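Two complexes, one shared chain (chain A), two partners (chain B, chain C).
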Partner chain A sequence: MKPGTALRSVTDFLAGRFPVDKLDFHSMVEKKEVPLHKMSWGYYTGGLTLFFFLVQVVTGLLLLFYYQPTVSDAHASVEYITQHVACGALIRNMHAWSSSCMIFFVIVHLLVTFAMKAFEKPREITWIAGVMLLFLTFTFGFTGYLLPWNQIAVNATKVGLQSVEYAGAYLPGTLSELPRILRETFQGEASVGQSTLGRFYALHVVILPLCFVAVLGLHLLQVQLHGMSQGIDTPSPTSERFFPIFFSKDLEVWSVAFLILFVLALCLPFESFLPFPLLEPYDPLGATPAGIKPEWYFYFVYYPLELLPFWVIMLGSAVVAAGLFLTPWIFKGTSRKTLAFIAVAATLYLVVMTLFGEQIYHLVKG
Partner chain B sequence: MIDAFLLIGLPYVAIAVCIFGTIYRLRAEKFTQSALSSQFLESNQLVWGSLPWHIGIGLIILAHLLALIFPGTWSGLMQNRTILYTTEGVGIALAVLAVAGLVVLIIRRITSARIQAVTSVMDLVILTLLLVQVGLGLATAAIYRWGAMWATAAATPYVWSLLTFQPDASYVSGLPLVIRGHIIGAWLIILLIPFSRLIHMFALPLDYLFRPPQKVVWINPRHQESAVELVEREAARRYFLKGAVGVAAGGTLLTVGAADKVFRFFFGPRLSEREEAKLMAIRVKRLEKTVEHKKYELERQQNDYIFVAKLSELEPRKGRYFIDYAMKPALAFKDTDGMPLLISAKCTHLGCTVGADCNAEGKILCPCHVSYFDIHTGKPNPDSPAKAPLPHIGWVLMDQDGKLVASKHADGSLTGRADPEKADTYSVFIAKYHERVEES
Partner chain C sequence: MSRESTLLVRANGIRIMLRLALVWPVLTGCALWTTAATAYPEFQQFTEKNSSRTTNCAMCHINPNGPVGEGDGQVGRLTDKELERLNKARSALEPGQDVDSPILNEFGNHIIKEIGKSKFLELRKDPGKLVEALGDKSDLDGDGIPDSREYAAGTDPLNKFHGDPWLLFVNNLKRELVHVALAIVATTALVFGLANFIRGLHVLTDRKPGSD
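Moving on, here comes the complex of A and B:
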């Protein structure tokens, strides 16, 4: 391919993805229609993810007022928030519940849009930005988990970071050093300590949110530019206007979600699922307590990691990650029926691993 | 004397006149019990006067009645600070709304020539009286704060004493002039009800709110089409209004609730001195722990030898934790030959800290992923997730005078010789030069 034609195809691609002539209020808001069919509920999953992200931003900002990111004070400041600050327990609990909800819906959103083939031309950039948001969300979860600086958090983070280094053994030559360097960069010192906490804090409250908002902006711009994907094979004859009909329905769903989240956060402490001693402040000189596990949303990779050789997981993760980014091209010609089948299979895997991972682990290990 | 008349005599006169006067007027002068609407004469200003006034005063009177009829429930609610603030805030806002509406109505009545034509002296008296009354109420709310709370202890028992024919003015006779003025004003207004258009209160068209919309239109071919359109528009307007009221009410509740939580969150706790001290003690303890940890680190940076334990303190089956030169956890046991056995406690799988107690086979357990390690060889069980052995750590024995007796490198080579007789006097150290050898 000549350099000229290559450049030509790049500009053509971008012109198709960023139709500047549609960049106005009229076509992005007034003219936009949302198709009505039996999969229409899928159109609400993205909005719900966004809603829980907004809750995270607000409650997170509130928590910032009292949280202190030092190894001696972090746990005490979290305790202070939950026990002394008015509504502190509620706000922290909302932050915890909402984070789980956000992760849940980002995964549902991914599966549904996959099954609906919403990544088809010209929506490749929407999809890729979405996958980036997915990874950012997981990173949010991983970095935020450490901040309360309790036994389970620090030890689980240690294990998580150590697994990164483990990957080095499978890489050739100089590359094998890369995971170790990466781990040390994020860890900041020989073992998980003050430097790690500072770095995770900066990531969690400044760097990741900035990245997230930027990618989210791109994602939403693309969604509005190209409109809703049809989602089914025979285009639906009926549709509703995006504004104000779909928009107000979206708000309605949000308000129900808020009500549920609020009641949940009010009544059920997120940590009630954990054995108590794990919430004690981290003791760098003590033994690792039993029962160290990551958050539930990492079970789908954690339990296989426990059961299978490391290289299998590494290879699998790499394939899945690459597959996610390249989905718009890999599944270009795949029918919606097949896509739905894959999505259902993935859902089954995620649900079974998350709910029964521990039982499976004990079953296999005896 | 004058107080007794105004607070006991006047009320009875007012109530009696109101009841009998109203009954008389309803029977004798039928069809006059309306508000004498002037909407046909002037409707533009009326909207901005009548609506705010009636909404404001209606809700305020409703609140007065609630506090009067259910004083227990009411004062119970007012115990909650948030509810009290909300009630007072909303009350004042409604009063201001009512005053604004009333002012518009007064201006309208005295400036519009068409309205002037139907204005009686009684109308002007009533308008003035209402303005004064709402003004006094606002002044009470502003000067003597939290009326929603104290009124149930003053005004409520006073009114009940009147209604149960055991009049007792002492509940209110001591109150400031403004408040007594407000009470007397109320009786005056009640007194004037049968003589004025205020009688329309008893003809409140509440069913207007719930009945289907009606619109008077001409029925002839020319208006046929517009009639349908009019009805449709009216229905849509109602639908929208109902929705708007619901959303506004929900939104207000949500805003008040969220603002309350957020404000109190930012306000922060105001702890007692004892609670503060307790918290400070915890913080100091944690800081000390951090300092201790940092001291270990500094010690390892500065010193060539680090004390682990006395040899006599070591046990063959229960390890003692210590921190090696890399600030990683390690365990010290007593070997079968009576010499120390130092082994890293950082699991070679994913870096958890291995437990200190040996099982029956002389193995220590990493709790994270169940790897058993033999402390003598360092090797994990074949089925363990950990594959690499735990490395041994070199040690140095010193006698009481700090003289080096024996030293063992991590690779197992031993220099010097320990005297088993004096074993109890020896101390175990780790040495920086062992670390260097390992690294190289």
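Moving on, here comes the complex of A and C:
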């Protein structure tokens, strides 16, 4: 392909994805319609993810007033927030619960939009931005897990960073050094310590939110520019206006989500699911306590990692990650029926691994 | 040396040895009583088996690694006054005595106060019976779950944010019912107001010029 032709292809692609003539309030809000059909509920999953992200921002900002990112004070400051700050336990619990809810809904949103074929032309950039948001959300979870500086936080982070380094053994040439360099960069010292906490804190409260907001802006701009995808094979005969009808309904869904989150945060401490020795302050001289494992949303990769050879998981993860980014091109001509089948199979795998991963592990390992 | 004096020395030697044999275990016991501490893993084993949750000595002791060692709340670091308190606590064989052992936390001290050291040692054979012996009255962290149930469930009896998730949820929901009701009213009112405000805004902006 000649350079001129390639450049024209790129400009044509971008012109199709960023139609300048639609960059006005009338096209993006007033004229926008939302199709009504049996899968219409799927249109609310993205809004719910955004809602939980906003809760994360607000509660995270409040926690910043008291949290101390030092190995000597981190755990004590979290205890102080929980035990002594007015509404501290509620805010911290809301942060913990909404992080899980955000991850849950980002996965649901991905699966639903995949099944609805919402990635097809001209929504490729919407999809890619969404996949980037998914990975950013997981990184939020990983970096935030360390901050309370308790036994499970530090030991699980150690395991996670160690896994990154293992990947080097399966990469060719100079690439094999990359995971080690990445690990050293994020860890900052020989073992997980003050440098690691400082770097994870900077990532969690500054770098990742900035990246997230930038990508989210692109994602939402694309959604507003191209409108809601059709979602089903036969075009829906009925639709409703995005503003004010769908927008008002979205607010109602958000209010229900807020109430559920509020009741959960008020009545069910997130940490009550963990054994209490894992919540004690991290002891660098002590033995690693039993029962160290990552948050529930990493089980789908954690238990297979415990059961299968590392290279299998690495290869599988690489294929899935590449597949996610290239979905608009890989599944270009695929029918919605096939996509729905793949989405259901992926959902089944995620549910089974998350709920029964431990039992499967014990069953296989005897 | 005459035969008589040889017999006398031998008899005295035997007497001394007999006395030593009798006194030695007592002396050893006393020495152990004041210096070394004994953890009772039977109770932890019961809790872990019963609840399938990992626990550690911090359920009853100050130090999560137990009473033996040189760390905080361990026997090796106790001052003379603390050793006195320790010995006093260890002599609380009967229930109802004030116990303030420096190696035990509030729950550990509560167990000894409630059932006495003798009964506690008896229960080592059947640690599950400690649940009945403690009863349902005491709830040191005030989370609504009795300490005895927290012991059986392997949760922290001194942390009101830790307990059986379902019981915690139900107890807290009962306690916070007014707040939940107020939150429902406030959120509904806010959403109702916002939705109507948006619709009103839409009607105003949607009106064609001159339609009045």
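Just so it is clear, the second predicted complex is superposed on the first by the 366 of 366 C-alpha atoms of A that agree within 3 Å, B and C clash if a C-alpha of one lies under 4 Å from a C-alpha of the other, contacts with A are read in each partner's own complex, and residues count from 1 in each chain.
The rule we apply is simple: a residue touches a chain if its C-beta (ideal position, glycine included) is under 8 Å from a C-beta of that chain, and two chains touch if they have at least 3 such contacts.
Quick caveat, the model's predicted, so the values are computed rather than measured.
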Contacts of A:Val344 with chain B and chain C, given as first, second, both or neither: neither
Touched partner set for A:Cys87, first chain B, second chain C, both or neither: first
Which of chain B and chain C A:Val312 touches, first, second, both or neither: neither
Partner chain(s) touched by A:Ala290 [first = chain B, second = chain C, both, neither]: both
First, second, both or neither for A:Val71, with chain B first and chain C second: first
Of chain C and chain B, partner touching more chain A residues: B
Which superposed partner A:Leu62 touches (first chain B, second chain C, both, neither): first
Chain B versus chain C as contact partner of A:Ser272, first or second or both or neither: second
Partner chain(s) touched by A:Val206 [first = chain B, second = chain C, both, neither]: neither
Common interface positions of chain A, toward chain B and toward chain C: 255, 286, 289-291
Footprint of chain C on chain A - complex, ascending: 30, 82, 89, 243-244, 247-248, 251-252, 254-255, 258-259, 262-263, 266-269, 271-273, 275-280, 286, 289-291
Residue ranges of chain C touching chain A (in the complex, touch as defined): 53-56, 58-59, 64-65, 154-156, 159, 161-165, 168-169, 172-173, 176, 179-180, 183-184, 187-188, 190-191, 194-195, 198-199, 201-202, 206
Sites on chain B touched by chain A in the complex: 250, 261-262, 264-269, 271, 275, 279, 282-283, 286-287, 289-290, 293, 321, 323, 326-329, 345, 349-356, 366-370, 385
Residues on chain A engaged by chain B in the complex (per definition of touch): 62, 65-66, 70-73, 75-76, 79-80, 84-88, 90-91, 155, 158-159, 161-163, 166, 190-191, 255, 281, 283-292, 306, 365
